[in-house]
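These are the structures in question, set out in turn.
Below, subunit A partners subunit B and then partners subunit C, in two separate complexes.
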Partner chain A sequence: MSALDAGWTPPPRSLGGRLGDLFWRRPGLLVALMLLPPVLWLGIVYIGSLLTLLLQSFYSLDEFSGLVVPEFTLATYAELLRPSNFDIILRTVIMAALVTVASAIIAFPIAYVAARYARGKWKALFYLGIMLPLWSSYLVKVYAWKLILAKEGILTWLFAKLHIAWLLDAILAIPGIGGNSLSVSYIGTFLVFVYIWLPYMILPTQAALERVPVNLIDASSDLGGTPAMTFRKVILPLAFPGIVAGSIFTFSLTLGDYIIPQIVGTSRLFIGQAVYTQQGTAGNIPLAAAFTVVPIVIMGIYLTVAKRLGAFDAL
Partner chain B sequence: MSTSAVSLRAVSRHFGSVKALDAVDLDIAEGEFFAMLGPSGSGKTTCLRLIAGFEQPTSGHIEIFGERVEGVPPYRRSVNTVFQDYALFPHMNVIENVAYSLMLRKVPKAERLKTAEAALELVQLGGYGDRRPGQLSGGQRQRVALARAIVNKPKVLLLDEPLGALDLKLRENMQEELKSLQKRLGITFVFVTHDQGEALSMADRVAVFSEGRIRQVGTPEDIYQRPDTPFVADFVGSSNVLPPALVERLAGIRRYASLRPEAIRLGGEARLSGIVVARSYLGPVTRLAIEAEGLKLHAVVPSGADLPGEGDTVGVGFDSAALHLMGTEP
Partner chain C sequence: MRSDGDRAPLLLRLAAAGGLIYLLAPLLIIFVYAFTTEEKSFVWPPPGLTLKWFSVAWSRPDISAALLLSLQVATVATALALVLGTLTAAAVSRTRFFGRETISLLVILPIALPGIITGIALRSAFSTFSIPFSFWTIVLGHATFCIVVVYNNAVARFRRTSASLVEASMDLGADGFQTFRHVILPNIGTALLAGGMLAFALSFDEVIVTTFTAGQQQTLPLWMLEELIRPRQRPVTNVVAMFVVAATFLPILAAFYLTRGGDEIAGSGK
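What follows is the complex of A and B.
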């Protein structure tokens, strides 16, 4: 007689076990239970507020009383097209686009090395390096950058030490994007945006590159592909969905941010700041709402174009 | 003798302290259908990857048609590979996959599509060009991988476990097709397999790998009938390996010997006596495991009504000529 001869015993019929039986018989029930909280949140709190916002944007502000007139009008949207407001939109979209492109260019080699060469301890170190900045306060980082970029900051000092202060001066002298110092120029805003959002580009790109099977790279090489050709024809197309995913983060985060341009940059507004002032100081809720709709529409267009480009084919 | 298609001279590939390939010498003739056979981890795939150029030898040198190729990247070698899991590009359709090497060589589009279509027809997939690899069955993907590898007419075609993922029926069909394809193209085929049946039935010559070394190179018949070592006898032919002490008693010489399962006769003039411990019916033949002299001998005998059952004592007979003598090393 061995220990195996005891025969088959059923698992205990505890409460958990009976609950398990119920879910096993009705798998839909479990799915429904798990979906209920997020659906309530998304459906009522999020979509609901969004619709209210949309509704607000079709109202207008009475210039004299300062009260919102709850009557349907497109006047607020027309206001968006006024040069002073339209400039804000244009400025924000151009900045978001540049930040996205720069992030993608900087992120790719980092993601590539991490995905293809880093193993074990080095991979852990990579994740730590990418995530570490995300653990510290966003405000601290932005203020730190303000100091770095300031006229008396370390960057000016470094340029002087390297005897290339003239280069910094030349950069700052570029009309439009230059300024008194980096911390009060568009270049400064751009640099900080790129720094702050870079992890959001690196991580999806790295994940996408990791999913490119090594033997596809071998196959391309075997069939006569030089490293450059293999990169263009195999690696890049297969990593593209990851880059697009990253760009959705960097683009939309830049579109909506109102703190970075307020701390580092010129006094000219970005969309986020416009929303902030319109709904706060100015009390113009309809215009603030209309401004908020802009990034949503732009992201909608952006995703449509990305889909057309086949960015989601490999998902 | 003309130059070999592929030759390896004292080639080693070490990964840290692991000797994946250890001082291997090998010559593969032009137009040959050559098999590299061995269990997993025996070094056969490393050998293939060295020829393809995905790995570099730690020492020794490799020649392809007389040219030294150490330090030559894969994309500059006139060698193409059919990968074990096919490695088809998922973002391209079938014809783009097949035409890939032609596209890289800037062959005009119309011409490369024509050549690729011809290659697809050669593997009986004409008209499948528009499909995505994901829409094909395993067997079809295998054919696309084959078409992609031969479209640029390499001098040597390497196949890494090409039939490993296919089911039995498909595998048998593909074996015949590969064989006839090789004859028609006249390209040197080098294929890696762990399936001895596949190696014996397809190859002109076979190299048996074990623990990073080649144990024997020869025709399938050589390898099967006249193994050099107990390992080859056991791995290739599932032969019974008799230890030197027993062989000394049976044949008067202290060496290892192999005895093919089908050479064993039951009854008649018995040379050993044993007990049947297992019996499996394989259709026309029945396979018996017989315990004798502390060994487990396998015998394959014609199926019939008068076979002994488990637990029966039997006499084991064989012709002296069936006892193939090998070395004294295990």
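What follows is the complex of A and C.
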């Protein structure tokens, strides 16, 4: 390019033309100008808000007046370690981890078939099967599950029709995760979480699988690898960054959700609900802010590890 | 990854089919419930079928008001996200510069962090600077997390668009704006349309951030949430739910056909 620049350059025609030439010679300027609006937006609106929130978490609530005391203290963070609050964090993290693992297991065969075998009509069906639940209204999906899991709903009916109603009763009788009906049990919450976030796991996994060169698989079997070995030594390692990328979504989204456990599940709180009640009815903004710092820290660690595993290239 | 001719092992096919049923069945159930005659419970199978809830839902002013607000917010938020997302994508994909990684992290952050964080962060910022809740506070939140959808679509297309097309246009005497208008825009146009539609859908459906930024205003998802927590008229909710599912179906199909092409432009391969 520099050879061209040094030679003949057409006379600038207009302001637009001159600007264009300027940008062509100094691409850095154009990039800076292009980045200015989004960086300002995200910097001010988003990062700015996050920082004000973070600041709040170092304040505390006066027990008697119920007012926020704007003085630096770590007391609010110490409150997080109280058993009642710590239980909330633990419960949410365990749920997020279980949901992530279950999503990965259910997503893999779908992603694999969609990436490798589905053609024509089937390809479209798989696309719809993944995209329709992904883009359908979040609340409508939760609502659908409320219908499904209700005591008089379709699952109870299905179990009865198959003459295995006793199985449902047995599942509901499991202490801890069972309950009166599926819609008020942890099993219900878990099922809905997995359902809602599953497409977020399928898509990156599928993208990673589509990038696996088929001649690697052929080579593996030519060299005597059994399908199981090919799967373990070739396909899985190549798909892994995709799965990690998906897990960022399933994990993060479960950590912060407060609507699903509110509508389907027990009355015990998850982090999102704790934040919501603390900032709303309780009016304890500092504690709410401290609660939100928990998922930020967890996700910070998670994203760092994910980056090491190459998940960002698979997004 | 194409190995034509072979078929998936049976177990794999069963697992995939089971997964698809799990994904699609709940949405189909919504369609059945919209016609049920049962008013008080979610009993299955529906005792009878009726069309009367459609007219009831149609004549409810609270539903149409919420729908209108949702459409307005989604339109404005999408427009903002299109501009900001495309700019970022163009900058990030064209050049390597210091802080490039930070920029892409910054864009992804609003969606990588749980929505409740974005929501409460915005609310605490609004109250700190005493900004009253309005149409624009909702838009502010929505545009922030819609940027990433546009960005993702645009950045993928920019990567596939060969830089030599732009160079050829410049060599042939086009200035920067002509190049943008006649070469870059046609190349990324469908990606932007797809990204824009997805951003619209995302905004139209958003509830978590909106609960913190809406104040007393009610978007359609907020109406739905209210109905979920304190059900007043279940059949009407069923109808609205069905309408929403049906409404998302068309943009998704359109986005599918729009993003599928685009590889075929001569010389665009890298």
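Just so it is clear, the second predicted complex is superposed on the first by the 280 of 315 C-alpha atoms of A that agree within 3 Å, B and C clash if a C-alpha of one lies under 4 Å from a C-alpha of the other, contacts with A are read in each partner's own complex, and residues count from 1 in each chain.
Note that in this section contacts are C-beta pairs under 8 Å (C-beta built on N, C-alpha and C of every residue); 3 or more make two chains touch, one makes a residue touch a chain.
From a predicted model like this one, the values you see are computed outputs, not experimental measurements.
Chemist: Between subunit B (first) and subunit C (second), which, if any, makes contact with A:Phe72: first, second, both or neither?
Modeler: After superposing on A, A:Phe72 lies clear of both subunit B and subunit C.
Chemist: Count the residues of subunit A touched by subunit B and by subunit C, then name the partner with the higher count.
Modeler: When the residues of subunit A touched by each partner are counted, C comes out ahead.
Chemist: With the two structures laid over each other on chain A, which partner does A:Asp218 touch: subunit B (first), subunit C (second), both, or neither?
Modeler: Both partners, subunit B and subunit C.
Chemist: After lining up the shared chain so the two structures overlap, which partner does A:Pro237 touch, if you call subunit B first and subunit C second: first, second, both or neither?
Modeler: first
Chemist: Applying the document's definition of touch, where does A:Pro37 land relative to subunit B and subunit C: first, second, both, or neither?
Modeler: The second partner, subunit C, only.
Chemist: Check subunit A for residues that touch subunit B in one structure and subunit C in the other, and list them.
Modeler: In subunit A, residues 213, 218 are touched by subunit B and also by subunit C.
Chemist: Residue numbers of subunit A touching subunit C in their complex, please.
Modeler: Interface residues on the subunit A side: 1, 4, 10, 13, 16-17, 19-21, 23-24, 27-28, 30-31, 34-35, 37-39, 41-43, 45-50, 52-53, 56, 106-107, 109-110, 112-117, 124-133, 135-148, 150, 152-154, 156-157, 195, 198-199, 209-214, 217-218, 227, 248-249, 252-253, 255-259, 262-263, 272, 275-276, 279, 285, 288-289, 292, 295-296, 299, 303, 312, 315.
Chemist: Report the residues of subunit A in contact with subunit B in the complex, numbered from low to high.
Modeler: So the residues of subunit A touching subunit B come out as 213, 215-216, 218-226, 229, 233-234, 237-238, 313-314.
Chemist: Report the residues of subunit B in contact with subunit A in the complex, numbered from low to high.
Modeler: By the definition above, subunit B touches subunit A via 52-54, 73-75, 79-81, 83, 85, 87-91, 100-101, 103-105, 148-149, 152.
Chemist: Per the contact definition, I'd like the list of subunit C residues that touch subunit A in the complex.
Modeler: Going through subunit C, the ones touching subunit A are 1-3, 6-9, 12-13, 15-16, 19-20, 22-24, 26-27, 29-30, 33, 41-45, 83-85, 87-88, 90-91, 94-95, 97, 103-104, 106-110, 112-118, 120-125, 128, 140, 143-144, 147, 152, 167, 170-171, 173, 175-179, 198, 201, 205, 207-208, 211, 221, 224-225, 228-229, 237, 241, 244-245, 248-249, 251-253, 255-256.
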